[in-house]
Each structure stands twice: as structure tokens, then as C-alpha cells.
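Next up, some structures in C-alpha cells.
Two complexes are shown next, each including subunit A; its partner changes from subunit B in the first to subunit C in the second.
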Partner chain A sequence: MKPSQDGPFLRIRNVVKEFDGVRAVDDLSLDIGRKELFCLLGGSGSGKSTLLRMLAGFEKPTSGSIEIEGRDMVGIDPADRPVNMMFQSYALFPHMNVADNVAYGLRRMGMGRTERDARVTEMLRLVRMEGFAARKPHQMSGGQRQRVALARALARGPKLLLLDEPLSALDRKLREETQFELMDIFDKTGTTFVVVTHDQEEAMTLATRIGVMDKGQLVQVDTPRRIYEFPRNKLIADFVGNVNLLDATVTGSDGALVRLDCPAMGQEVRAACEGEPPAIGTAVTLAIRPEKITLGSGHPAVVDDYAYRGDVTRYRLRLPGGGMLDVNRPNRLRAGEGDITWETPVLFDFAPEGAVMLRD
Partner chain B sequence: MLRFLALIGFALLYVPLLVLVIYSFNASQLVSVWGGWSFRWYVELWQNDAVLEAAWVSLQVAVLSATLGTAFGTVIGYILSRFGKFRLRMLFTVMATAPIVMPEVVTGLSLLLLFITMEQMFGWPEGRSILTIVIAHATFGMAFVAVVIQARLAGFDKSIEEAARDLGARPLRIFMGITLPVIAPAVISGWLLAFTLSLDDLVIASFVSGQGSSTLPMVIYSKVRLGVSPDVNALGTIVILIVALGLIVGTQIMNRAEARRKRGVE
Partner chain C sequence: MNGWGKRLVIGIPLFWLFLFFLVPFGIVFLVSLGSPQFSVPPYSPAFEWDGWWPHFVGSFENYIFLTEDDLYWRAYLGSVKIAGGSTLLCLLVAWPMAWIIARAEPYRRNVLLMLVILPFWTSSLLRIYALMGMLRQGGIVNSVLLWSGIIDQPIQMMQTDFAVYLTVVFTYLPLMVLPLYSTLEKLDGALLEASADLGASRFATFWTVTLPLSLSGIIAGCLLVFIPAVGEFVIPDLMGAQDSPMIGNVLWGEFTRNRDWPVAGAVAIAMLALLVIPFMILRSSPALREDG
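For the complex of A and B:
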């Protein structure tokens, strides 16, 4: 079959994977373009790892097809795919030093010694581990092992690199630094990356596009910005970041906005709406992120609780119609003991464009 | 109280051995009379051709059967722990470990019958010899090694095998180049276990040995039946020494590998 250059780089069509009759991946279709950094985001048991393992070839789809550049991958051994994987545990060979680990895949290609040595050096430079060629895995820190694992996975020059929770084993500070390095390496190699993660922050920082998975299906595929600002449903809004979800009923429309009756707020509010607004009387959900709400004017409420977090203070407001509303207030001045405390009556407001109506 | 009970247990195990070791240095001709310290029985042993020959047979049998048993046992342990759910897996697991609990008389007798039948049908193996003892010992050595390897592989990070496959390696190369080096300490201690078990065995060897292929335990046993002579004590002491050495080295290798693994994983 001639590889089609105009089709998507990676084409997943109607893939199903069953384990003992249980569907881990349920009729999933997805196109990923060349040089994308695609993040599969989902909780445990969402099927994201199973999908990744099918791309690597460790699992065979029960049905459906996986094509890379128009070539069907189903039935092709992992050893023969233009795909490499970086494992969550890094899976470095404990009895080999760093250079031999990185060279392992090159040896299997039958690459000559001179060329191989040059490639190993190049890869170690890419991940800034030049001085570690002779180290054994147990002589390195977690962050260093992670880099070696990345170098080893990139050494064969795969068309597609799979990363299984690449940063989950690192502590927070290191994780944040490594995120940027990973993006840098992605830019330099021009390889397509597919990253599996349960960490929404990681997905938001890294990805050009995110696919949110739940129960073996893709619930939404979009840019990080759109996933955050226009989540398709409550599940996504709740999974990605913090959000206030309030029951509401559609009462009309106002240009691009929709008018909602929100009993918890005790009055009519306006919110953004994707596509055509639903019919009047439809039960929907109003979603507002805590950072999109300001204190000082607008609707009345009472402070139920608050938590000082350094950069922001999170207030939990009790609404007149019952229900709670979380509000983040940036601490622009060095905060002393605040003027707002338990049971303080406050006013809050939000721009209608900052709130979004969810259909389910 | 518990400590006391444990001490009694250990005493039951090791006091007899200690007595044996002490009496092996007895200068007296009579087994039960202490006649002062001496190495004479060791010297006598060294001049006893029958004993030396038997020791040589035992050593050959132990090395060969341990090697054969370890090779098969490693592969069996690997397959039982790796190839997830294949049909009759349970049956194979039980079958692989059955020789451990099988009465030795049964094992020995059945092997003897097999060898005789095979000789009648194919003319091989010709009579009973070192070869038949090696085969017999390899079968139960194999069972012990399979258990050791299976236990080791239970805590094995499978993703390193997957990584090798992902990087272009075929199953045989993965096993030889990745799995085997990583589990090497378990393989070595499995070998030492099979080695000492073979050295110890009397019952099975008695069934399947032939003329000129008596093992050391067989010679000791026949000597004892003619009345205990003090050189048997010396012989026993040497066997204890070799077995203890095997056990200590084996445990040491396993412990060190375990410590290294823990450091590696953190």
C-alpha cells in the first residue's frame, strides 16, 4: 500500500479492546496530525493506557484499525513499528550502563559502531546527560533516569513517540522544569508525541491538543484552551481544573449569550453557550471557574469558609438560594489577616462571557 | 517462651551435626569412646579408593544434573510466570512442582522402570550409570529451580522486557539479553540448590545407579550398615561443609541481588 501523504499521520478507526468481555476501549476514532503533541487525559480505568499500548503494539485491538501514514499497524510486532515508547517506570535495563541502554535499539537496527556511538552521543546531548554515559541506572536520580529513558526511546528516530505518564514519578518542582524541557525536545525532534497522563496541569502545559477519555471513549478532543474554557460537559469541566456547577433553566437568549434562571443565585444570569441555545425551559448546568468571579459588587452572598493559599485566597460563598460558590481572589497586596472572614456578607460578580452553559 | 521453643528446634537440628563433627576428630578406634583429637580418619579417607571414587561420581552427577536441571527449570519457571493464561496452566504449575512433594521412593522406582523400558525399546540408556543418575537428579532439581525462578519473576518489572521488544528485539534475544542477566542471581542460587540436593540424595540414586556408579551417600549408607566406623564421621563432616557452603553462597548471592534491586527501584 502506498503511504498517503495527505491523510492524517495517525488514524485510529473504531478501535475496540475487550478484556474478558469488558470494553477497555469502546469504539474509539481519532486522527492525530504530524508533529502534534497530543495528550490523552483521563482517570485510571479510562482506557487511555490501553489505547497507548495498542499504538505501541503490546495489545491487539479486538476490532478496528490503527494506521500510521496510511499503513495498517494491527498485527505488526512492536519491534517492527516506527513507534517507540517511554515507559512510566522508565524500564531502563538495570544491568547496562546509560550508553548501552541508549544504543540497544540502534544495535537491533544493525547500525555500525561509529554511527551508533555518534547517535548515542547526540541523544545524550539532546537530553543533557553527556557526562553520564558510563553510569548504571541505579546510580542516577529519578530525573536523570527519566532523561535517559527519553533518549533511548528517541534514539531510533521513531515517527511516533509514546509517553506513558512521563513525569508522574518526579516531584513537583522537577516536574514543572521537566515539562518545559520535554516541549523543547519535542520542538527539536519534530516527532509526533502522544502522551498519556492523569494530570490535567501536565496535559494543559504540554499539549497542542488534548483528548479527554472516560469509560473507553473520547469525550472531547480540543486545544487545552478550549477544553478549559468550553468543556463539553460536567465531567470534563470538573476533571480539568476547579469549577462551580449550578443547576439552571434556559429562559431565553441574548445575542451569543443565553439567559438562565439559576435558583441558587436567586436571580437570572447570563452565560456563554456553544452553538444554538437550547429551547426555553431546558434544564442545563451553569459552570463558572473560581478565578472568573470577582468580589466587591454584584450579587449578595455570605462567606462560609476560606483558605489562604499564598497566591490566591479561596472563598466558599453561601448563596441566598442555597448551594455554595467557590471564588478565587488573587492576593495582589501582601495579605495580612483579611477583612473578609467567616460569615462576612460580600458581593460577587462575573462577566457573562466568563460563565458557560453545559448541556449535560 | 517462643524464643525458647525456637532454640529447641534449632538444637534438634544442629546438635547431632555438631556431635558428628566432633567425633570425626576422635582418635579412638571405637565410635562411642573419646580418645583425644586426631585427623587420622581424614587421612584414612584420603587413602580409601572406594570413597574417593564415590565422591568423584557424586561431584560429576551434582554438577551435570544441577546444570541440566537449572537450564530446564529456568525455562519452565519463565514460561509459567510469563505466558499468562494458557490452557491447563494450573495443571502445568502443579506438574512442575510435584516432584518436590513426591515420595522419593516413587520417583526413583518410576524412573527406574522408565529407564528399563526405554532400554528395551530403543537400546538407550545402556544399563544404569552416571548418566541415569544425572537424568533422575535433573528432574527434581528442575522442579526446585522452576519454583525459585517463578518466585523471582513474580516481582519482575515486565516493562523492561516490553521496552526491549519496543526497541526491536525478538523474544529469544529479550530472554537471553535482558531477562536472564537480570534474574542471574536467582538462576545461580537455583543451581546451588539443585547441586546440594543432588549431593544429598540417597533414595533416588539407589534406584537408578548401576555398577561402578555409586554415589557418596550410597557408599556412606552401605558402610554404616556394616557397622559404623569412625571414618564415616569424617566423610559426613566433609559433606556438611560442602552443603553449608553451597547454601551460604546461594543465600548471599540472592540477598545482595535483592539489596541492589531495592536500591535501583528506590
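For the complex of A and C:
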């Protein structure tokens, strides 16, 4: 088949993968565009790694098709795909130095020595590891190994780069720095990246689009902003960031907003709603992120507990109608603690646009 | 653990080695410097006591003699050839076995390992006799081949190098499989996937990743098979041809039939040197060092 330039770059259609009768990936379809940085986000056992391994060619789909630029990849060996992978464990060859690791894929292509050396130097410069060509993997730190693994995976100039939990082995500080470097490298290479991660912060920072996976299916595919602000259901809202989920009933609509009776709050509230509001009387969930609630005026509550976190203080409020509400208050002043403490009555409020109604 | 405890733990095996390896080695070495005579013990001492001072009366004649009589050279070379050849055969048979065991399901691995070790639970002499029963003129192999019409004359298998190779490989195979298994079992499967991902064929992955990473197991296994195989005495005696003895048989002959203890001692010392030198070369090779 002639590669079509106008269709999606990567086209996954009705892919199913069964292991001993259990569906790890369940009838999943997804299109990914050229030069996208797509994050597959999900907990362990959500099927995200299985999907990645099918893209690499290590697993064969039970049914369905995977096309890259219109060419069917099912049945093509990992070695023959225009795809390379950065492994979670990095999988650097321990008996080879950095230069030989990076050159490994180039040697298999039969690239000549001069060209190969130039490419290795170029790749090591890209990941800022020029001075490490002669090192063995065990002589480097985790962060350095991560860079070498990235250089090795990029050396063959793949059309699609797969990254399996690329930053999970790094400590927090290094992980944050590396996230930005990774995005920088992504911009420079112009390769399509598919990243698998269980870390929502990582996904939000890196991705142009995120696909949230659960039980082998994609439950929402959207930009990071929309995933966070307009989660499709409770599961996604809860998985991505912190959220207060309160039971509510629809009582009417008010323009783009929906009126809800929320027993926990003890009064009617308004919230944003995606699409047509449901019929009056429908049981729904009210979702509010802790940072979207302010203290000082509005609805009454009592402080049940609080935790000082440096940048913010997290208050857990006891609502008059029962139930708890988490509120984040930025610590704008280096004020001493003590104005709000356990059992202090407080007032809280939130903009209706800051809250969102979830159908399930 | 306090200092005394540590010294005791290290000291006991050291003392054991000193008493039962170093001292006998010294005795054998001293014997090898003497000359045979009709007495008890049947050799002249290497030192005589002049008051409190020992003075050397022995000689290295026996070692020179070893180089002059081609019986010894032939036995040495024959031993190295048979031990080396069977080590290589062991490696060729054991590597795929170890690979299959290491890649099997964990619960199956123990069963397969057990099957490898199982023959060790039988006396090696019994196993050799069992092989003799299979290989001799009227044995099982010849009977089956005759009955099926593949041959019309029984094949002479006993008292040949073939029988010796077969028995040595059969006897020492577990010693090759186990170290290979332990290195292959530690081999990270992601490395093989990475190799395939980077465009390597199965063959290229084997040569550039799997084999180099199992080198420490290969070296350990080869040493474990080669060293005892060089000194093997029972197998060539029972299975091999009388005109091509191994060094162990020569040693035995010198001690018993010829009652020439000094020459036997020299043969033993020379054999030890023959084994230690390749070992030292391998030890200093970078492949054995983990930090390479």
C-alpha cells in the first residue's frame, strides 16, 4: 500500500490483546498525529505498557491493526519497524561503552565508520553527554544512563519513539529538570513520541495530548488542560490531581451552568457542565479541585484537619451536611500558623465555573 | 562478629588447605626431587641433615627425564586434547540446555535443573559401567543398529577415543550447565528486546549481546570441566584405548607398576603446573573481571 501522507501518522484500530483469555488491551482505537508528544497515562495493569509493546513489536495484537503512515505493522519484526524504544530499565548493554551502545543500532544498519562516529557524536551532543563516550553503563548515574538510553533510541532516526516510564527511575528534582530537557529534545528531533507513564504530573508537563487508560481501554483522550479541567468521569478526575467528589442532584440549569442540590454542602450550588445538562432529578457528582476553593466568605464549615506543605496549606473541612472538603490555600505571607486551626469555623466559596458536574 | 570470630572462620579452612593441600604438595615436590631406591619409603630424600643444617642432595633429573621420554609428552598432549575437546563438546551441548532452562517458566526451571543434577546422585562408576553396557560389541547400541539393518557388523566403540569423549561429556555436563545457567538466568530480557528494537537479527543479538554477557559462565564452566578432565583416570582406563593413555593413567602406572615415586611425583607436579598456567591466564583476562 502506498503510504498516505494525509492520514494520521499512527493509526490504531480495534486492537485487542489477550493473555490467557484476559484482555490487557480491549478493543482500543487511537489516532496519533505526526510530531505529537502523546502520553498514555494509567495505573498499573491498565494496559498502557502492553499497548506500547505492541507498537514496538514485542507483542502481537490478538486482533486489530496498527498502521504507521498507512503501512500495517502487525507481523513486522521489531527490527524492521521505523520505531525505537527507550526502556524503563534503560536496557543499556553492560559490556559496551556509551559510544558502542549508541552505535549499536547504526552498526545493524550497516552504516560506515565515519558516518557512524559522526552520528554518535551528534546524538551524545543532543543529550549533553559528549564527554562520556568511553564510559561503561555502570560507571554512570541514573540520570546519565537515561540520557544515553535516549541517545541510543534516537540514533537510528526513528519515525516513532516509544518511551516506557522514561523518568520514573530518577529522583524528583532531576525528574523535573529532565522533563524540560526531554521536551527540548522532542522539539529538536521532530520525531513523534509516545510516552507511557503512571505519573500524571509528568504526563501534564510533557504531553501535547494525554490518553487516560483504564482496564485496557482509553477513557479520555484530550489535551492536558481539558483532562484536568473537564475530566469525563470520576475515575479520571480522581486519577489526575486531587479532587473533591460530592454526590448531587440536578435541579435546573442557569445558562451554561447547571444547578445542583448538594446535600453535603447543605444548599444549592452551581457548576459547569459539558454539553446538554441532564434532566432534573438526575443523580450526578460535583467535582471541585482543592485549589479552586477560597476561604473567607460563602458557605460555613469547620476545620477537621490541616497540613502545612510549604507552598500551600491543605485544609480538610467538615461540611454541615456531612462529608469532607479539601481546600488548598497558598501561603502568600510567611505568616505564623495559628489563625486557622483544628475546629475553627470557616467560610468557603468557589466560582461556579471552577466546579464541574460529572455524569458518572 | 569480633576479630577472633572472623579469624576462626577464615582460619579453619585455611588450616585445612594448609594441612591437606599445601603440605602434601610439598611432600610430593620433595619426593619428585629424589631418586627411586629399594627401601621404605622407596626413594632417596632430597635433603640430608648435616647436624642442624639440611643440605640439598636431590636433583631435577626427573623433570628432565619427563621431557626426554615421549610417553609423557604424548600423555600430556593426549590429556589436553581429550579434556579440551570434551570441554568444547560440553559447552556446545550445555549452552542451549542452560538457555532453555533459564528462559523456562520459573516453576519448570527447578524440575529441569533437577534433571540435570540427577545423574550426579548415582555413583559415577555405576554410570560408566552403564555406558559400557550400551557401547560394547554386544551392547544395546550395536544390537539396535544390527536389528534395524543399518549396520551388518558390530561397531567397535569401546576402547576408542569416541568412548572416552562420550563418557567425559556425560560425566561433566552438569558442571558446565550450572554456571552457564546462573549467568543466563541473570541476563535481562530487556537487553535482548533492546537489541531487536535496534535492528539486530536473532543471530546478531546472540553474537553481540547474549554470548558476550554469558562469557563469565562459559569460562567458569570450562574450567570446572577442563581441570578435572585433564587428570581423569577412571574413564580412559575403562573406556579408552591402551595405547593412548591420559596423564592420570601414566601417573598411576609410575606409582604402582614401576614403583618409581620420584618420577610419579614429577608427573604430578608438572600436571599441576599445566593446569595452573591456563587458569592464571584466564584469571588475568578482562572478560572475567566484572568491572571490565
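Operating definition for what follows: the second predicted complex is superposed on the first by the 360 of 360 C-alpha atoms of A that agree within 3 Å, B and C clash if a C-alpha of one lies under 4 Å from a C-alpha of the other, contacts with A are read in each partner's own complex, and residues count from 1 in each chain.
Convention: contacts are C-beta pairs under 8 Å (C-beta built on N, C-alpha and C of every residue); 3 or more make two chains touch, one makes a residue touch a chain.
It should be emphasised that the depicted structure is a prediction, and the values quoted were computed from it without experimental measurement.
Colleague: Record, for the superposition on subunit A, whether partners subunit B and subunit C clash or fit.
Modeller: They clash: once the shared chain is superposed, the two partners overlap in space.
Colleague: Now for A:Gly142: first (subunit B), second (subunit C), both, or neither, which partner does it touch?
Modeller: Once the two structures are laid over each other on A, A:Gly142 reaches subunit B alone.
Colleague: Between subunit B (first) and subunit C (second), which does A:Gly275 come into contact with in this model arrangement: first, second, both, or neither?
Modeller: After superposing on A, A:Gly275 lies clear of both subunit B and subunit C.
Colleague: Considering only touches as defined above, state whether A:Pro94 meets subunit B (first), subunit C (second), both or neither.
Modeller: both
Colleague: With the two complexes superposed on chain A, say which partner A:Gly322 touches: subunit B (first), subunit C (second), both, or neither.
Modeller: It touches nothing on subunit B or subunit C.
Colleague: For A:Pro78, using the defined touch cut-off, is the partner it touches subunit B, subunit C, both, or neither? Pick first, second, both or neither.
Modeller: In the superposition, A:Pro78 touches subunit B and subunit C alike.
Colleague: After lining up the shared chain so the two structures overlap, which partner does A:Gly296 touch, if you call subunit B first and subunit C second: first, second, both or neither?
Modeller: Neither: A:Gly296 stays clear of subunit B and subunit C.
Colleague: Of the partners subunit B and subunit C, which touch A:Gly21 in the superposed model: first, second, both, neither?
Modeller: neither
Colleague: A:Gly190 in the overlay: touching subunit B, subunit C, both, or neither? Say first, second, both or neither.
Modeller: Neither subunit B nor subunit C is touched by A:Gly190.
Colleague: According to the stated criteria, A:Gly112 is in contact with first (subunit B), second (subunit C), both, or neither; which is it?
Modeller: Neither partner.
Colleague: Could you tell me which of 6-14, 150-158 or 276-284 in subunit C overlaps subunit B after superposing the two complexes on chain A?
Modeller: The answer is stretch 150-158.
Colleague: By the touch definition above, which subunit A residues appear in both interfaces, subunit B in one complex and subunit C in the other?
Modeller: Common interface on subunit A, subunit B vs subunit C: 56-58, 77-80, 83-85, 87-89, 91-95, 104-105, 108-109, 138, 152-153, 156.
Colleague: Report the residues of subunit C in contact with subunit A in the complex, numbered from low to high.
Modeller: Contact set of subunit C toward subunit A: 188, 190-191, 193-201, 204, 208-209, 212-213, 291-292.
Colleague: Which positions of subunit A touch subunit C when the two form their complex?
Modeller: Spelled out, the residues of subunit A in touch with subunit C are 56-58, 77-80, 83-85, 87-89, 91-95, 104-105, 108-109, 136, 138, 152-153, 156.
Colleague: Considering only the defined contacts, which subunit B positions touch subunit A in the complex?
Modeller: 157, 159-160, 162-170, 173, 178, 181-182, 260-261, 263-264, 266
Colleague: Under the touch definition given earlier, write down the residues of subunit A that touch subunit B in their complex.
Modeller: Residues 56-58, 77-80, 83-85, 87-89, 91-95, 104-105, 108-109, 137-138, 142, 152-153, 156 of subunit A touch subunit B in their complex.
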